[in-house]
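In what comes next, chain A is part of two complexes: it sits with chain B in the first one and with chain C in the second one.
Right after this comes the complex of A and B.
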């Protein structure tokens, strides 16, 4: 059933989405123009240094760099909306083309990492909550604190040293072997980066889930259901887990940016051809069109997923839906 | 036929240095179809005793007994109706789930019907419609009814009720007590009713057992225990519920004049809630005014308006000649008003900073006002105030969590006293305390008034506490004052229907006055 209230709700969310992306684009554009680097570099690269003042002036005129920032911004947005985001000077190809293959790599690493992190975190969190204060819980808590203290780059180097250099089990870099690219080959390359991404985030979320569950088990209804004959496990699964879901989904939405950020560092260490390495390169070589596009892309993904998470966590609560359906709420 | 036999039950919680002996060898029998009230103050082990019978001891607790026989099924009703139900499932689904645990063979349809039947059995009207609602839509009293229905779903022989009415208003408490006794009598169920309030025992109990420091010290028929208690401790518990007459205090000049005060909350674009409607009263120096009413009657909103915590939207509040509703006048006299009007809140645990020592808590208002103390040092001031509220100097360096509820409330009073206030506002200040401690705090408040001559506004839903303390009573209903008068007039000769209803719902009725 669709009614006014629901339409207004989604309209509000869409407005927030559009506004956030607009704000992001303004910031990305403004910051790229604030850097000391001459924007001519984005188009001519090292050749800029050999150009005469006259040539530079002509180039500026041609590219519209003498117009006001606002005009340039509008031009950029116009291009973006028609799919033209400029050319990467380093790769000499449109930026969308440069990133497409790498985007898949990053999404594979980040997405798989995200799924694994929360699947494991739920399992560990529930286990620890059930065993609160017992040795198993305490040992896992200690290990978790330790694991989340280990820096990602160090762990990555350690794994490369052990599994690639010493034992030759997993490759140390790249997303697939030269010439190859079968699914198995890709997964084989994913193992080490994935371990680092998962290990560095896992505990934080497992501990959060454990504590959310424990807080929920303090409610009196747990005792009441227990007195009626449900087991601890059933209460945990049927009631407590259900009730922490809205909160958990909000946390998951926020975690996207953390996990993505972690992925970038891991990509660097493993020379994994993803968005992260590309970001680093484009910043290093002042490839602004590419950098701006990447910022918009990752920022957009984070904003979109955050709003989606918000919507789900708000609407998963049956009470909200009941109220919207116009049921009598005051008996 | 015995429903429950307990001999020499011991329960320990924790291990090693953190070990607490919660129950230390308790004996009790509960006959079939009997209503037994287990009374005792908090910390006496009564809740743990009750939970160990139901097999619901918390993790880390270990129990041992010479005998613990429970004949039949048990079900439990807990104190807090707000968290006793799963907030995200409809009432109907929760009842159906409870019923399915007991009768796994029933179909979904039959379970649904059973849920409605259970709701009707606990006196919820239009049960079919309401089964589709969520706990949030129910008031505290109705939720407690649902919890009782959940307990009934298991068709128990023994009902264990752990302070099921403590968190409820008097009128609702009365209804729930009647419901519980009615259900137990008609179904031949035994009821073990745990409470700190002996006057509840008087209304419902066949027998009374008194628990003290983990032991059952006295057990007998209700009239035996109440009229000729054997133990000194029981006598003290009983006297805590009694209301003695006290001489009227000679009030002085008017210090607070409230005229036509109203406060409206904006709930949404269209909805408004007028929590306080056109309230007028006067308060004289040294007078104790009780504002009584059920929850939602606007008592707390009124109190917050009097303290300028909420904006005064309509009407005037004149305190010692200062028009506090006037923003400029209020700002000009801000420091004086802050110092001279002090508040004591219900939840003493939340009102004291857990990371500050008692002595720092007590003297903080002085430091905030930048005042020196006449007693030389802040520490001496703290010790002086502690001794005034009947606590020794050793408490000065403790933290709030090391104090009992009554002690924390005393610290809160001591903190208010350092400013030597002209007006003390108490928001349900004794409602979460045991009967005995309640009485002590009430006596302390009266003593303060007698010595310092400060006026007190005592907001409460507990009519008995109001009766014990107040010179004058104002009864509030739906934001309006429906009756005011001297404490004696209001309680002995109530005029409005609402007041009569409130008074008749008081546990123990008026028999305490004789």
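Right after this comes the complex of A and C.
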């Protein structure tokens, strides 16, 4: 049943989405123009240094860099809306073309990492919450704190040193071997990067879930179910877990940005051909158009998923649904 | 819950923290070699003997590098955190004291900044600024890492602002700056202390990651991250000490910080579990 309230709800969310992406674009553009870097570099690269003053002036005029920042921004946005975000200086191709093939690789690594992180975090969090304060919980907490203190790049180095250089079990770079590309080959290349992504984020979320569940175990309804004869495991799974779901989904939505950031670092160390390596290259070679587009792309994905997460966590909360249907919420 | 254990560990972590900070301050005394001196005759020297922890592919002494590099890394961690904490307190308090509309817009803005992963935003701004040095990298990290602290500040301020003494102070003509300094900041400190310490931690990790990638400090400026930026060569030559020792120093410091931070975290779990 679609009613007015629901339409208004989704219209509101869409407005927030559009406004957020608009604000993001203003921010990215402002950073690129307000810093001391000469924007000519983003079109001509190091050749700019060899240009005469007159050539520079002509180039500026041609590219419209003499107009006010607002005019330049509008032009950039108009281009963006028609799919033209400039040319990558390094690849000499439109930036959208450069990223298209690599986005899949990043989403595979980040997506698999995301699923594994939360599946394992739930398992560990529930286990620790049931064993609260006992040796098992304490040992896991110690190990977890340690794992969260190991920087991603260093863990990646260590794994490459052990598994690639010393024992030759897993490859140290790329997403597939030259000429190859079978599913097994791809998975084989994915193992080490995936381990780093998962290990470096796992404890943060497992600990959060553990603490959210511990909060729940202090609620009165737990005593009720216990007196009704339910086991700890049943109470935990059927009731405590269900109660933390809306909060957990919000956390998952916010985590996208963190996990994606971690994925980028891991990609750079493993030279995995994804968006992260591209960020590194574009910063290295001063490929500013590409870097701006990558910021927009990443920010856009995160904002979209955040709003999706908000919608899901609000919709699975029965109180929100009841209110929408116009019924009175009974406590 | 785990009081006995955590107390013991907090003492240990304070000791480690102070040892590393003191060692870095006294780097010239305990590590007399110049950490950036290139000793062409002693590249990849194994640990022991003249070079306590060995040398890297350029012949630089790692023992000296750890202490001198620690100085740079710790300075960057604290300077950038000071910058982000000041921004966070002013922004968060302004948002918390403002009306609902302004507050919503200001909070939306922090979410937009948070939507770009920190590391990407820092790479972006640093690339636009050009070559990095200690100051520029501290400023960039500081400018990008305040939103999460600002959110906590705002939440606290919204709870505090209804309290009578703030009202009285306002009625007596106290401006935003006055209320912020005299009333809000003192009551905020305990609740944001954990976030602030975690901010030092992540700033150090960010700096070392950037320098390791070659996007941060240049190789001549020795820090925990830039020491590791040559480790690709070390990997191939099996020189494990180039990777292991600076990494251990970094991790030991991060763990000590985390433990200290946890102490400030509000230990609300006092009630017994019903399970």
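Following the convention adopted for this analysis, the second predicted complex is superposed on the first by the 327 of 331 C-alpha atoms of A that agree within 3 Å, B and C clash if a C-alpha of one lies under 4 Å from a C-alpha of the other, contacts with A are read in each partner's own complex, and residues count from 1 in each chain.
By our rule, a residue touches a chain if its C-beta (ideal position, glycine included) is under 8 Å from a C-beta of that chain, and two chains touch if they have at least 3 such contacts.
What you see is a predicted model; the values in this text were computed from it and never measured.
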First (chain B), second (chain C), both or neither touched by A:318: first
Chain B versus chain C as contact partner of A:243, first or second or both or neither: first
Partner chain in contact with A:132 - chain B first, chain C second, else both or neither: both
Partner chain(s) touched by A:71 [first = chain B, second = chain C, both, neither]: neither
Of chain C and chain B, partner touching more chain A residues: C
Touching partner for A:226 - first (chain B), second (chain C), both, neither: both
Common ground on chain A, meaning residues reached by chain C in one complex and by chain B in the other: 132-133, 219-220, 223, 226
Contact footprint of chain A on chain B as seen in their complex: 51, 54, 56, 59-60, 74-76, 78-80, 83-90, 97-98, 101-102, 126, 129-130, 132-134, 136-138, 142, 147, 150-151, 153-154
Complex contacts: residues of chain C adjacent to chain A: 1-2, 5, 108-109, 111-121, 123-130, 201, 205, 208-209, 212-215, 228, 231, 235-236, 238, 240, 243, 247, 250-251, 254-255, 258-259, 262, 269, 271-275
Residue ranges of chain A in contact with chain B within the complex: 132-133, 219-221, 223-230, 238-239, 242-243, 317-319, 322, 327-331
For the chain A and chain C complex, residues of the former touching the latter: 16, 19-20, 23-24, 27-28, 31-32, 35-37, 130, 132-133, 138, 145-146, 148-154, 157-158, 160-161, 165-166, 211, 214, 217-220, 222-223, 226, 232, 235-236, 254, 257-258, 260-262, 264-265, 268, 279-280, 282-284, 286, 288, 291-292, 294-295, 298-299, 302-303, 306
